[in-house]
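Given below, in the form of structure tokens, are the structures.
Both complexes shown next keep chain A, but they swap its partner, so chain B is in the first and chain C is in the second.
Here is the complex of A and B:
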């Protein structure tokens, strides 16, 4: 009887831990595929798209996660292979600096305009 | 005076935007990395006819230039470039590998029997993963590999010009 209980609890624990890790992997897979652009589609992420390209990407992402590669490594792999364009959030470098700085400049300039008008009145 | 300045600013920004759009008309939409990837290509695939497993390390011999051509029987442009590939067939300095992309086995075989086999080896890529690892967008696409690194890549069907270029690379 005791043996049976131990066996059952062990079985239960393994199933639970397995499903938890599966879910974690699934979440990570979805997160990564949402952050990658489907390059052959019009304005869709890999997650949204059902094109051949995106389907293969999703399988590859899954394989890479199962191999134990980190999120960063996976992004880096796709970046070296397809360029910054594939990332929805590209790294800050000399090609993308304008992209990152411009909204801040606009924001500050807009703020300046509002303040000026406010104090004028 | 103020109106003039505003007008000038608006005009300048329009000009700036126009210039950016005008410049990007001639930009190709595809990204081809200038410095090709430093990570070695590493994959495993089954052969089409014999079903034997191949590892990429076996395929990329250091001395020889390897050309990987991604094709499928359902892809019309692939048929277009087929004659150019047949042209490369008898070259001993290259190792021409066909990567059969998301295809049905029978259709792929039929395609080869009907149009001739330019490849030294045909690998299958049913899930399309290997193509992605190589950095491909779809079919047809051709990669030239030397020392396990991609040195050139052609997106879309090959033409006469490309074949001349490839031959130049080989004889170098």
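Here is the complex of A and C:
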């Protein structure tokens, strides 16, 4: 009887933990596929697209997550395979440095202009 | 057939009238006789008439499915419902530009009707600048995008309208958005005219404010309708993708919103003249630049439906002419800033200027994010994508101080507010907000510190805007708009924090359990409709409490052109939207099923409508 209970609890726990990790993986899979561009579509993410390309990408992502690869590793894999175009979040490198800092520079410059024109008289 | 000629020749007449108006305006500047002014006015009316005839000719061509017209042939089909035949007339490039021109001419006519108490020369100059834009568009239409090109021999059947455009929301989306865009053209020409005439003052501000509000209302509504459409038709539950075409409509919105606030400073304090003019000009240039980006097809977007490079070049040249013209005029006619009293840091002006500061920052993020990949590709031939993570990272942190300023700014007085006037109740608000935020964050999976900060500030904003309703100051429209904006922000945040989704591949008869919900694929049936075949599926979803909801998402197979679309089934109530969408998979009988629960979805739309109601009230406000 005791054995049976232990067995059942263990079974229950494995099912629960399995379904929890499944749900977690599903979430991660969605997150990653949202941040990847579907290369054969017009401006759609892999997540939003139902093209053959996107479907096979999703399967690939799923496999990679199940293999235990981290989110970063998966992005890096796709980047080396397909180039920067596939990532919705551009990496910080010499090509994109201005993309990232130019708005900030403008913001600071705007603040300076406001200060100079209004309060320093 | 006859309507082709009618439409085409009335466009030609419109061009001629435009030239005559142009000529008469210059004549009237040095000629005080009233009769010329009257002539200009009647010519504006005639011009409006020609464009109405032209526009309705196109609609009639679409209704009759007259395929001797190339535009109709390319974008319509006999089996299309009548409603979409009509909306199809502006759902394409040529027709939408004709609509643009129609609104341009309509607005200048209304402008000349409603501006009679303003100086004559200012009005004449506005008409001159506006007719330059009108001329540009007529030439554009007649040269490279004529909606009345003829087909010979006449085809029996048209190519059909892209089925995802066959939708009630998208039928009204372009006209409303265009009213917003084109409204900014009136602001543009009147700003240049005011500059030339030295009429940039309080009078001008309160006069042009009405046009700013009108454009702002339509632009806001237009963006919203587009977003709703994307939510149920295009998106798999998303409503904003940071897609290039969406960004293009958002950019003039930021500029216009900044202008909406600056014009108040000009109206009340008679300062910030140059800045107001820069914003007025920039809004229109962004609208025009947006049209260029969308129509030229250099953007990679979900919303790119038709494009042609030669048209892009035309708009680009036109855009440069307009920019060149406004820069020259801006530097030729210097404005004298009135040397009014000193502005103190703690004042309403400061908060409005800070509003502008942030709006310009948001604008620059979106502008750079949208155009940077284009420039990079031209210069280095490297392709990068700029998507949602970029915008989230650069925009959201800046929202925190923005909300704080927005919460306290409207409470300040003009010129100077004493620090001691700030009440201690604010500390109390802060703690309530903090408690609420911590409570929310605990139940979501958001990042702790950062999300808490953003939730706290938006709750403070909500509380302060509610507090505003109990104050005596009689500015209901502003209070309502700010209140709805805070609701809007909170709904988006809560929606983001608590949305859940699940996707799986299922076939008929399958049942799945996720988080105590069960999804059951009951059956499917195929129906033949007039212009499409549809597969209607039935799902049952049992939630934690055992309530059963039935969903009937569809997959449609349109005949002309042959395109598959998914029609989501959305069950909305006050608290959340339940969203089920299916898609055909290649494996026999299997469907990709995606089920989402999205809390506060309808609040997002509702708050935007409330926001525009605030705008409408402000429009009818006296003073």
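By definition in this document, the second predicted complex is superposed on the first by the 117 of 121 C-alpha atoms of A that agree within 3 Å, B and C clash if a C-alpha of one lies under 4 Å from a C-alpha of the other, contacts with A are read in each partner's own complex, and residues count from 1 in each chain.
Operating definition for what follows: a contact is a pair of C-beta atoms (placed from the backbone, for glycine too) under 8 Å apart; a residue touches a chain by one contact, two chains touch by 3 or more.
Here the structure is a predicted model, which means the values were calculated and not measured.
Trainee: Of the two partners chain B and chain C, which one touches more residues belonging to chain A?
Mentor: Larger number of chain A residues touched: C.
Trainee: By the touch definition at the top of the document, which applies to A:85: first (chain B), second (chain C), both, or neither?
Mentor: After superposing on A, A:85 lies in contact with both chain B and chain C.
Trainee: Of the two partner chains, chain B (first) and chain C (second), which one does A:106 touch, if any: first, second, both, or neither?
Mentor: Touch partner of A:106: chain C, not chain B.
Trainee: Considering only the touch criterion stated at the top, classify A:44 as touching first (chain B), second (chain C), both, or neither.
Mentor: Only chain C is touched by A:44; chain B is not.
Trainee: So in the superposed three-chain picture, is A:56 touching just chain B, just chain C, both, or none of them (first/second/both/neither)?
Mentor: In the superposed model, A:56 contacts chain B only, not chain C.
Trainee: Contact-wise, after the overlay, does A:34 reach chain B, chain C, both or neither (first, second, both, neither)?
Mentor: The answer is second: A:34 touches chain C but not chain B.
Trainee: Check the residue A:77 against both partner chains and state whether it touches chain B (first), chain C (second), both, or neither.
Mentor: After superposition on chain A, A:77 lies in contact with chain B alone.
Trainee: Would you please give the residues of chain A that touch chain B in one complex and also touch chain C in the other complex?
Mentor: Overlap of chain B and chain C footprints on chain A: residues 52, 55, 83, 85.
Trainee: What does chain A use to touch chain C in their complex?
Mentor: Listed in rising order, the residues of chain A that touch chain C are 23, 26, 30, 34-35, 37, 41-45, 47-48, 50, 52, 55, 83-90, 95-96, 98-100, 102-104, 106-107, 110-111, 114, 118-119, 121.
Trainee: Mind listing the chain A positions that touch chain B in their complex?
Mentor: Within the complex, chain A touches chain B at residues 39-40, 52-53, 55-57, 59-60, 63, 77, 80-83, 85.
Trainee: For the complex, give me every residue of chain C touching chain A.
Mentor: By the definition above, chain C touches chain A via 235-236, 238, 241, 243-245, 299-304, 342-343, 345, 349-350, 353-354, 357, 360-361, 364-365, 368-369, 372, 376, 380, 382-390, 393-394, 398, 501-503, 514-515, 566, 583, 585-586, 592.
Trainee: Quick one: in the complex, what on chain B touches chain A?
Mentor: Result: residues 31, 33, 37-39, 102, 127-129, 131-135, 137-138 of chain B touch chain A.
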